[in-house]
Structure formats: C-alpha cells, structure tokens
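Across the two complexes that follow, chain A remains constant while its partner is chain B and subsequently chain C.
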Partner chain A sequence: MKNRSWAQLIAPLILLAFPLFVDSDYYRHVVIMALMWVVIGSSWNLLAGFTGQVSFGHAIFFGIGAYSAGLLKMHLGLSPWWGMLLGGPMAMAIGFVIGWICFRLRGPYFALATIAVGEIFHLLFKYFNNFTGGMEGILIIQTFRSKLPYYFLALGLAGACVLTIILVMRSKWGYYFISIREDQDAAESMGISAFRYKSLSLMISSFFTGLAGAFYMNYMAFIDPEVVYSLHYISIMAILVGIIGGVGTIWGPAVGAFIMVLVQETFRSSIFGLAPDWVSEAHALVFGVLVMFVILFMANGVVGDWKKITHLFTGKKQAPSTNGSAA
Partner chain B sequence: MSFFEAIDITKHFGGLAAVNDLGFEVRQGEIFGLIGPNGSGKTTVFNLINGYYPLTGGNILFEGRQINGLPTWKICKLGIGRTFQVVKPLRRMTVLENVTASAFNHTGDLKVAKAKAEEVLDFCRLGHKKDFLASGLTIGDRKRLEIARSLATSPKLLLLDETMAGLTPQEQGEGVELIRKVRDSGVTIIIVEHIMRVIMNLCDRIMCISYGMKLAEGLPEEVANNQDVVEAYLGKE
Partner chain C sequence: MKRLLTMTLACAVGLAMLSFLGCSSEQKTEKAEKAEKAVVAAPAGDTVTVGIILPLSGGQAKFGEVEKKSFDMALDEINTAGGINGKKLVFMYEDDTGRPDVGRSAAEKLINKDKVVMLGGGYSSSVTFAVAGVAQQNRLPFLINTGSADKITEQGWEYIFRLNPPASEYPKAVESFLTEVVKPKSAAILFENSNFGTSSSKEFNETCQRLGIEVVLLEGYEHGGVDFKPLLVKVKEKNPDIVYMVSYLMDASLLMKQSKELQIMPKAFIGGGAGFTLPEFIENTGSAGNAVFSATLWYQTLPYPGAKEYYDKFVKLYDGPTEYHGAEAYAAAFVIADTLKRAKSFSAEDIRQALAETDMTTVFGPVKFKAYDTKTNQNDVATYMVQWIDGNLELVWPETHASKKYMYPIDWAAMWGK
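Here is the complex of A and B:
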C-alpha cells in the first residue's frame, strides 16, 4: 500500500517533467495519446467498473466531443478550441438521453444497446454529409506547431478526470455507484434510485470522454466518422484500457492507457524498425493475446492484481487474504 | 389514521392470484408476524409493500399516505426498510461500506453516514467484523448485515423476511434478542418466519395466509390454535 501511494505522488511529477527531458516530438506524441486514453479509460471505468454498466459505445461521446469542436469551425468559423467548452456538455447531454433510453435494460442487454446506439451515431455522421462533412471528414489547421501546449493540456485533462473520479468515489455518489454495481435490487431497497445514479455516472463519464474528443480534434486536426465513431478504435480500446489496467480501480485505466498505447506504438513501428514490416500489422493480435493473458491470470488487471505481480518477482507465495474473501 | 394499512391488495401473476384481496393493519410499535405454508404469498406481500412488484388491485397506506405506485427507493426514503429472504450482501464491499451506503439515506455527509453505520453495526453486534468483505461472512453474519443495512436507512417500519432460516438455535436466540432490541428502539416490524418458536416468542399479533388469502389473524395463541391454520400446515384429518 505504501509503494502505491509513492507511485501516485511520483508518477504525476515524472509526467510533468517529461517534456523537459524528452524533446522528441514522437515520444511526446506517444505520451499525449496515452494521456488522452487515461481520460477515456478512466471515464469508461467510472461507468463500467464502478457503476457496473458496461458500455460498448464510448465512441459516441468521443465523437460528439470531436465533432462539437470540428463543426464549430466548419459551420461558424469559430476556433475549434471553443469545442473544449462545448464538447463536454454536448456529450453529457447526449449521454443523459442515451441513459434515459438504455438504462431500462440491465447487464448484457445494456451493453448490447450501447453497441447499437454507437453504430447509429457512426452511420448518422457518415450519412448527413452536408452537416458533418461525411466521409471526407473535417480538416483544420493545428494552432500550435510545438507539442508542448498539447502535452500540458492533455496532462491537465487527465489530472482533472482522475481527480474528479477520486472525489466522486469518496462521496455518497461513489458508495451509491458501487452499491448499484453489486446488487441493483438491494440498492433500490436501500433508498438508492438506480436510474438517477446510473445517469449521473454516465453523465460524468460522457462529459470527460467528450472533452477528450474535443481535444483530439484540436490536436490531430483531422477527424472522420470512421475514426472517432469507431467501435474498435475507440469503444473497444476504452474497454481494453480498463481491463488491462484494472476494472473498478481508480488508477487501473491510467496504467492501462500507458500499457496499451506503448504496446500499440511498439508494434506499429515494427518494434522500432528492428523487426520485419509485417510486425506492424500485428498490434491487434498482440492486444488479443495480452487481454487473454490478463483475463486468465490477472482478472483484476495490472493495478487490481499488483500484489500477484510483485510476488511473481519476489518469489513470495500469495498471502492468504485476511478476511477469507473469495473476491 | 392507522400507521400501516393494506386494503384488499391483490397480485396476479398471469392467471395465478399470488395475493388475493388481502387486508390487514399494523399498529405503530408492534411486531406483526406473517406466517403461512410455503408458497402462500408471504414474500410477495413484502415485494408489494416495498414496491418491487406493482399491485394488481388494492391500496397500501403508510402513515396515511398511499405508497403503492411509488418506486422502491422512494418507499425506503419514506421509512420502510426491508431485508431479503435470499440475502443480498454487496459482496465486494466491506461490511462497513455496505452499511454506510444505506446510511446515506437521510444525509449526504460521509462522516455522518459512517458514524451512523458504526453505531448500527455495534447495535447488531457486527462491529468487530466491519472491515471484512461482505462476501467472506457466514450466513448468520450475512443475515445480521441485512438487518444492519436496513436499519441504517432509519426505517419506521421494517420488513424482515425469514431472517432466522438456516441459523443454529443459538444464533436464532441472538436474532430474537436483536429484533426485540430493534423494536424497543422504536421501529415497527413485520416479520415473515417459518420457525414457530421464534414467531410465538416475538410477535404481538400474527396473521396467517394461505393461497394469498387470510386464514386467521390475532394473538399468537389464538392463531396457533385456529383450526384452519392447523389444517393449512398439517392437512385435514
């Protein structure tokens, strides 16, 4: 436990100092993407990991945020930075409506509904090309040539998101979210409106995912429906980030985001050019193997099963848990 | 105005009348026993009172206010707590977290809720296990946890659904003591129970139902000696 609180102190400091020591645009870019995934993964985890409502549709909120910024530029000629203000609330509003419809369903049925709604948004933004630019997407000009402003913005977003989740989980809302995850019927009989608190969880989650989307528009300067509403690039990736890092842990998705982005980049660059070219196509395969490994041996993710990992290296047998829990 | 009143409540599941024109009244401060053979509709009555199922017909009044049609959580907010026959511990939370979550019923302050939870846990003699995960509790402690969690919502009326089933005689004795203590703290109780020794010991009044209809109602001895009740349990001679 002590090691962990040290890590929580040092990790942000390292991230703050990182661009001072590394001035390669490529490595800065990799960390910017990892930080963006910290935001999306943590948001997904608030809803799925803590509140028990597994979403396969977080691309919706990411896309809404991205298009909020892009469409402001395209139609009104406004700076896409206004999207950073608009994207979060827009995604939150859409999140509320989706929750209002889909929270009538429980468990796997809710998850299936989010896939369907996600695909609906994907197709709508593809189809109404007069309004959205359709498959041509939206292209803008980056405001800054340096990576530094984007880096600190991404770091700020990630920090704000994780901090918000920490505060929420320490409050009445956090207790209510977990109660709903553990047993919705019991929660209702404890005076908890499952619908209200599931909606609140989804709204916080979609707000930050929308912010991440608006950031993506500004940073990457190009979006189209195939990318920002993508089931596998965004929705599934959010889930993988959560699973690898640890579902239902505060820091899991943050760790998971870095692992996933680093693995992705390592393979995309064919292990930094050392391996033959076809290796660059293999990152999806590696994700699959990684997820299988984690689910089989560390069902609680890297953060949730951290003790197992350290015991693997120190050779200690896993200590029997004091309370005899089956977890 | 009566404290709690069920007026001709009816519940149909398809063609089956699980509860049929059942009417009864509970007075403030009493322990009211609800008995009947297996499948007679006792748990369904609880599910109707706490809004888990909608009524097919009839009305339920609590402190003069109609509560049928309200969602479960709102009924809890008004002051009706319940325990489940098949216990529902929030498994991946500690005992203290379980009870703290329900202690938020009338407060938003973590410190207040935690203090309330600790108090309730001590009251239920679970204080020494507050840091255990709920999944690691024995069945006896899980039943105590059910009671503690419902008490932490500060109910005026508590519905206890077979909290003694599956317990050892000694645990039953402690349970009876606990339920008395709860009543003495000012909570009215409706209890569903199969164990006659417990029911006869605890209840001020008893109602026996069979096939969703009332067979008898009255003092424990009256009901126990009622010919219809004996027949419902043991069959006709």
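Here is the complex of A and C:
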C-alpha cells in the first residue's frame, strides 16, 4: 500500500515534468491522447465501476462535447474554445435526459439501452447533415502550433477528473453509489433514492466525457459522426480502458488509458519502426489478446490485481482479494 | 500460482522470440534503413524519405493495398533509374486504418519524429482532410492521390496539392453519356453515408437537376450492410430510368446482386467510381455485375505514356489486375520524384515551390496544379466511363478513347436468364 501512495504522488509529477524532458511533438501527442483517455475512462468507471451501471454509450457524451465545440464554430463562427465551456454542461444535460429514460432498466438491459441510444445519436448526426455537416465532418485549424497548451490542458482535465472522483468517492455520495452497485433494492430500503444517485453519477460522468469531447475537437481539429459517435472506438474503448486498468478502482482507468494508448500506438507503428511491417498489421489482434489475457488472469485489472502481480515476482503467498469488482 | 507465473513467462518468451524472428530476418536492412533515416534530417545524407499514409488495415484496406503495391513498384523504378539526383528515395508507409484520428497520429509521427521531407498518399476523404490539416499547419507539402472531398482543396491551403479530381467531377463523363446516349427522364441515387458518398451524390443530384432529370429517390445507406433489399424495393417501386450508386466494394457487389434478385431493370446501372471498378467487384457479383457502368478516372488503354506498361507490369508482378486507384498512386510516386529532383533543396518551402511548378505527363495523364473555381493546387483530370462487358472492364466513353463499343440498350432479362 505504501508503494502505491508513493506512485500516486510521483506519477503526476512525472507527467508535469514530461514536456521538459521530451520535446518530440510526436511523443507529446501520444501522451496527450493517453491523458484524454484517462478522462473518458475514469468518467466511465465512476458510472460503471462505482455505481454499477455499465454504459456502452459514452460516445454520446463525447460526441455531444465535440459537436458543441464544432457547431459553435460552424454556425456562429465562434472560437471552438467556447465549446470547452459549453461541452460539459451540454453533455450533462443530455446525460440527465438519457438517465431519466434508461435508469428504469437495470443491469444488462440498461447496457443494451445505452448501445441503442448511442447508435441513435450516431445516425441522427449523420442524417441531419444541414445542421451537423453530416459525414463531411467539421474541420478547424488548431489554435496553437505548439503541443504545450494542449498538453497542460489535457493534464489539467485528467487531474480535475480524477480528483473530482476521489472527492466524490470519499463523500456520502460515494457510499451511496457503491451501495447501489452492491444491491439496489437494499439501498432503496435504506432510504437511498437509487434514481437520484444513479443520475448524479451519470451527470458527473457525462460532464467530464463531454469536456474530453470538446478538447478532442480543439486538439484533433476534425470530427465526423463516425469518429466521435463510434461504438467501437469510443464507447468500447472506454470500457476496455476501464477493464485493463481495473474496474471500480480510482487509478485503474488512468493506468488503463496509458496502457491502451501506448499499446495501440506501439503496434500501429510497428514498435516505432524497429519491427517488420507485419507487426502493424496485427495491431487489432494484439488488443484482443491483451483483453483476453487480462480477463483470464487479472479480472480486477492491472491496478485491482496489483498485489497479485507483485506477488508473482516476490513469491509471497497471495492475500485473499478484498477488492470487489462490479463488472 | 505457478500456472500464472508459467503463463507470464511463456508469453514473455513468446514475445521475445517474435521480436527476434522479426529482427533476424530483416535485421540487416532494418538497421541500415534506421541509420539512413537518421541522416535524412540533414539533406546531405544519401536517402530522401517521403511519408505515405494509406489505409493498410480496416475496411478500405483493399484500396490501400493496390496503392501501396503501385507505390512500391514506382519506387523500385525510380531508384533503379538513379533515385533523386543520386540519392535513394525511401517511402515510409503509415497505416491510417481508415480513421481520421489515427491518420492524424500517423501524420504527426511522420512529420515530427521521422522528419520526412513531404507527405503522400491519402485515400479516404475524411482521413485525407484531417491529414491535410496537420500538413498545412506544420507547413509540409502533402500530395494527395485519392482523397476526393471537394472541400480539401477549397481551403486555400498552399501546402496541399491534389492529383486526383475532386469528387464532384467524377461523373463529368457520365453526364455527356447521359445526354447523348441514354437520355433518361428519372434517376435514383443511392450513396454510402460517408464523406465521399455524400459529396459525390450531392453533386450528381445537382447535375440531374441541371439536365432536367427528375431525381425520384436520393437515399444514403450505412456502409457494411448485409441487406439492401428495403432500399432496393423502393427503387423498384419508383422504376427510374437510371440508378446511380456511390459505394465501396462490398456494398457495390451486394447492391448489384440484390438488384438482380429483385429484378430491378432500369435503362442503366451507373457506379460513381470507388467499388465498381475493382476486379473483386466482378468476382463477387458474377453475371449480376455485367453491363454495369462506372465513372472512372483512368483506364489502361488510354494514350498516356506508360499506362499500358504499368498495367502489364503490375499484373505480372502481383498476379492480379489494377485500376485507377493504383494508377493514381503510381503517378503520384513519379510526381514526388520529379518534384524532389527539381527542388532547390529539401526544405519544405523549396519542395512546395517545385510541386507548384510541376508540369509533367504520367500514366495518369498530364499533371499540373492550378487554381480554378474555388479550388487551389488542384490537378485538372479528364474523366471516363467504363463498363463491365463479359467479365472485363472496358473503357466505353468518350467514344474517341473507347476500348470497346458500349453495350446499350441492355436486355437484363436475357442476360440474367429469367
């Protein structure tokens, strides 16, 4: 445990100092992407890992955030940076409405509903192409040539997101969330309004995912419905980030985000050009193998099963796991 | 416990072996190349590296493959002929997997980490759009060979050049064929809901209105569907004179197969490029694909120097036919080589200057970048029309260049055997 609190102190410091030591824009770009996924993964984890409501539709909030920024630029000619203000609240409002409808369902039925709603958004944004630009997408020009503003913005977002989740989970709300995850009926009989706290959890979660979306618009400078409302590349990726890192742990998604982004980028570029070309062609396969491996041997993710991993190397007997997992 | 350890070890060993295998087989060349790449940053070295971004995996991999093979073929010829003023030309490929965000990562890597002197490639419109944004911002010349959304060359970006015509111009030849031969009164337009599909269909819709053809159906569909019958039943109800489709490979094949099943018999089926010209199209569809027209940008019998030779060599080397995408890539490689030869230095500004002054003839026709209408740095390309006749893709329009007389009117009932 002591090691871990050290890691919690040192990791943010390393990230703060990272651009001082690495001035390659490419590596900075990779870390920026990882930080963005920290935000999305942690948000997903608040809802799914801590509150037990597994969402397959986080692309909705991501897309709403991204389009808030993009549409401001497209229709009003405003700077897409205003989207950073608007994206979060917009996603939160949509999140509330979706929760109001979908929280009537429980467990896998809720998950299925979120897939459906996600696809509805995907199609709506494609269909109303006069308003959204449809598949021609929205393209802007990045404000800064340097990566530094984006880097620190992403770092700030990730920090704010993780910190909020830590604070929430330490407050009364956190206990309510977990009680709902463990047994919704028991929680209700204790006087906890399941609907209210599930909604609160979803709203915090969608707020940060929306912010990440607005950041994506500003940083990547190109969006279309296929990119931001993608079931595969946003919704499922958010789940994978959570599973790899550890569902229901504070730091799990943060670790998971770095693992996923690094693995993807490493294999896509054939281990940075060191390995033969066919390695890059197998990058989708590597994802699959990684996920299977984690599910089979580390069901609680890298962070959740950290003890298990360290014991492998120190040879100590495994302590009985106390870390409950929701998924 | 032990099992877990063994498992981890096995995995580690496996991975290590993989990387060793990879290294040992290509160790020499890889290492040599690494060393060379390092020198590229300083133009004094003896290689020049150009980054090429193509979809090598994912849904568009088929097209990316044809283009990569063509790039490789051209590269070999360029280097055999002395490279770039004695320096060896190297193409560094990056896979964009068909996604704009990955394309952006790839472009960032090529520009900032590998320090390529310019960029090439660009297949899908949305990926190309995103990559073009990165190139323009980093002030590095980017020669697009396929990405065709009109908007790309309408931004006034001085570092972005395009070899292929914008999507809206693909059906130019179709237009004259329609007015002179088919003279249709109504049309149905089906398009894939993608950047390319949307902008092409929009343009064709306007063309129809200009020609006084009534558009009875204008409908997009989701790429990768398995059942287009609900859509095609609508087409059958409206009974249009022509059916115009903008689709990639699998959808194109399926649309034709199911049209045959539903016995939809317009005066002509016309494809808007992309999937309809690939050799796999006729393999997948068989008789259902016969007599289908398609807009195209290139055909091997065109009187461009080297066109036929390129086609024959490709067939011999890779044991399969090529089409306009391949020709675009092959031509782009030679434009890149020509530009680098003429550039005063390998600085981005000098290369941009040289690219802008390009005036050469390739297998894809004459290449010259001009500003017209709202576009800048756009190559003006003639378009053609092809038709599948007895399993072969034949150039049928304009008639002056035709490899075979077009097959029209078409007796679908006799051909489909019902």
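As a working rule, the second predicted complex is superposed on the first by the 317 of 327 C-alpha atoms of A that agree within 3 Å, B and C clash if a C-alpha of one lies under 4 Å from a C-alpha of the other, contacts with A are read in each partner's own complex, and residues count from 1 in each chain.
As a working rule, contacts are C-beta pairs under 8 Å (C-beta built on N, C-alpha and C of every residue); 3 or more make two chains touch, one makes a residue touch a chain.
Worth saying up front: this structure is predicted, and the values here are computed from it rather than measured.
Novice: Check chain A with both chain B and chain C modelled on it and let me know: fit or clash.
Specialist: fit
Novice: May I ask you to decide whether A:186 touches chain B, chain C, both, or neither, giving the answer as first, second, both or neither?
Specialist: It touches chain B, and chain C stays clear.
Novice: In the superposed arrangement, does A:312 touch chain B (first), chain C (second), both or neither?
Specialist: Second partner only, chain C.
Novice: Is A:284 touching anything from chain B or chain C once the two structures are fitted on A? First, second, both or neither.
Specialist: second
Novice: Applying the document's definition of touch, where does A:9 land relative to chain B and chain C: first, second, both, or neither?
Specialist: In the superposition, A:9 touches no partner, neither chain B nor chain C.
Novice: Output check: A:129 vs chain B and chain C. Expected answer is one of first, second, both, neither. What do you get?
Specialist: The second partner, chain C, only.
Novice: Applying the touch criterion given at the start, work out whether A:171 contacts chain B, chain C, both or neither, answering first, second, both or neither.
Specialist: Once the two structures are laid over each other on A, A:171 reaches chain B alone.
Novice: Tell me which touches more residues of chain A here: chain C or chain B.
Specialist: Looking at chain A, the partner in contact with more of its residues is C.
Novice: Could you tell me if A:194 is touching chain B, chain C, both of them or neither one (first, second, both, neither)?
Specialist: first
Novice: Would you check which partner chain A:265 touches, where first means chain B only, second means chain C only, and both and neither mean what they say?
Specialist: Touch partner of A:265: chain C, not chain B.
Novice: Taking the C-alpha centre of chain A as the vertex, compute the angle to the C-alpha centres of chain B and chain C, in steps of 10 degrees.
Specialist: The three centres form an angle at chain A of 140 degrees.
Novice: Report the closest approach of chain B and chain C over their C-alpha atoms in the superposed model, as a whole number of Å.
Specialist: After superposing on chain A, chain B and chain C come no closer than 22 Å at C-alpha.
Novice: Show me the residue ranges of chain A that touch chain C in the complex, using the header's touch definition.
Specialist: Touch residues, chain A against chain C: 24-27, 29-30, 33, 123, 126, 129, 134-137, 139, 141-142, 145, 220-222, 224, 226-227, 233, 265, 268-269, 271-277, 279-281, 283-284, 293, 297, 308, 312, 318.
Novice: Please name which positions on chain B make contact with chain A in the complex.
Specialist: Checking each residue of chain B against chain A gives 50, 52, 71-74, 76-77, 81-82, 84, 88, 90-93, 97, 100-102, 104-105, 108, 110, 113, 131-133, 135-136, 149-150, 153.
Novice: Which of the residues in chain C end up touching chain A in this complex?
Specialist: Listed in rising order, the residues are 1, 4-5, 7-8, 11, 19, 22-23, 25-26, 30, 34, 37, 56-57, 92-95, 97, 99-102, 104-106, 108-109, 111-114, 126, 129-130, 133, 136-138, 149, 151, 155, 193-195, 197-199, 220, 222.
Novice: Per the contact definition, I'd like the list of chain A residues that touch chain B in the complex.
Specialist: Residues of chain A touching chain B: 170-172, 175-176, 178-179, 182-183, 185-194, 248, 323-327.
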